[in-house]
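Just so it is clear, A, B, C and D label the chains in written order, and each chain counts residues from 1 on its own.
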Amino acid sequence: MIEFAVDTTPEGVGVVTPKGRLNMSSARGLKDILDGLVAEGTSRIVVDLGETTFLDSSGLGALIAGLKSARQAGGDLRVARPTEAVTTVFKLTNLDRVLRPRDSVEGAFDA
Amino acid sequence: MIEFAVDTTPEGVGVVTPKGRLNMSSARGLKDILDGLVAEGTSRIVVDLGETTFLDSSGLGALIAGLKSARQAGGDLRVARPTEAVTTVFKLTNLDRVLRPRDSVEGAFDA
Amino acid sequence: MPDPTPREPSDDEGRVELSAPATPEMMQMVHAVLEQLWSNHEDVAMADRIRFETAVIEILGNIVEHAYRLEPGESERRFDVSLSATEAALVASFGDDGMPVSIDLSDVTMPDEDAESGRGLALAMAAVDELSYDRASGRNHWRLTCVRQPG
Amino acid sequence: MPDPTPREPSDDEGRVELSAPATPEMMQMVHAVLEQLWSNHEDVAMADRIRFETAVIEILGNIVEHAYRLEPGESERRFDVSLSATEAALVASFGDDGMPVSIDLSDVTMPDEDAESGRGLALAMAAVDELSYDRASGRNHWRLTCVRQPG
């Protein structure tokens, strides 16, 4: 159903790539990964949504939870390369400002 | 649903590889390809079943039709690398003698 | 010229109906059924597929999560859904035997940016052109309609 | 120790039912539904999956190809199928509104090696442990049972 790739860049940015559908069944998995990264000191995180074929309100909840804990730890969570399904859901929920999609994972913390 | 790869070896053997399910919807496609090969003079044919994930009675019918026209033209049709689904259907229909599966495409005409 | 008046119930032709246990696993089943539906209706615009699938999965997710039985009996909770794609619209209609839902859909609003839940119904409503709920014969009925974009 | 006596109809719990037009496209739909069913029942042996799916698709193929309407009316031809996987067995039961089938299943035999058709029913019967047909309430009913291999 879903797989998560988790990586850290040389700059210490955590990169999480959900591959598949981010929904009720998989949202908890994402939340746990994001919490884990923040807990171990990686509070700058990019979620690469380039392979996220579907996103529902539970998946959104996990992203918002991750965003909040990253910011509380002095970092930030940014989203990159959203698919059309993801962009649509961001827009419909008015989250496209707080989760402003970046064009690339590498440049996600540039601005 | 299905794709067919069609090739000819240096020895003049036609190799047809159905990729996907060989069923009511796709059997005609296989039959047409086999008839085409025989019509253009390629009467030694290997059907590579290594990527055939499902086989039904229509698919079997197309193989038998191809076998008959290849033999009428002085050649033969052989099947190679069957998946478990294919082997099961060959056995259940007692066609595992007339369509005796070969281990490889290359060696299919060796014996 | 195509007739612009709404079509009759015979529009239901071609519909696919599924009835299954109301479990999280069945959400993948519905995704799979929609995937097949799209492959039989390649003319449905990607934008319409996305908003329809989003709403369908939100409503189903709510049924799976919230639609508890009135009397917790022996038998499993189930749902059914009818999915249809006509030239005019994509329609889903759900039935389940959970307890009555005491939500006024006209009160549903999108939660604040930092909410971690509570967006399901608001998202479904924003995604489709019509969302209705009613209770009849001891069952909940949800109906979703996406008016299709001109090809 | 597990009870060895056959289970009651409540065994139907967990079943997935599909109702759809009797068209060739719906064969892919049923393949997709079975694929999901297997992913929810990873303990079903590959050999059992294969023989069950083979028989299900043969019976459905016959319905799509042969089960013409008695009176060719306006409305589309449809079928329904209920699929269930219990610890003991895989069961499929089909219903369709085509004309009565005048076949005695006990007469069905595997055609000769060089036959190009006519293997469908014989293959389905060879694949499963039970195949039955009956006509009731103006509908055809086919029922398939695969007794599962011990894990």
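Things to note:
Here is the rule we use: contacts are C-beta pairs under 8 Å (C-beta built on N, C-alpha and C of every residue); 3 or more make two chains touch, one makes a residue touch a chain.
A quick note: this is a predicted structure, and the numbers were derived from the prediction, not measured.
Number of steps on the shortest path from chain A to chain C, with steps defined by chain touch: 1.
Steps from chain B to chain C, minimised over paths through touching chains, total 2.
One inter-chain figure worth recording: chain B and chain D are separated by 27 Å, centre to centre, where each centre is the mean of the chain's CA atoms.
Averaged Cα coordinates give chain A a centre that lies 44 Å from the centre of chain D.
Separation between the centroids of chain A and chain B, computed from CA atoms only, is 47 Å. Across the assembly, chain D contributes 28 as residues in contact with two or more other chains.
All chain pairs that touch, listed by label, are A-C, B-D, C-D.
The part of chain B that touches chain D in the complex is made up of residues 1, 21, 23-25, 54, 56-58, 60-62, 64-65, 68, 84-85, 88-89, 92-95, 97-98. Residue ranges of chain D in contact with chain C, taken from their complex: 10, 13-21, 25-26, 28-29, 32-33, 35-37, 39-40, 74-76, 80. For chain D in complex with chain B, the residues that touch the partner chain are 24, 27-28, 31, 46-47, 50-51, 53-54, 57-58, 61, 64-65, 110, 113-117, 119-120, 122-123, 126-127.
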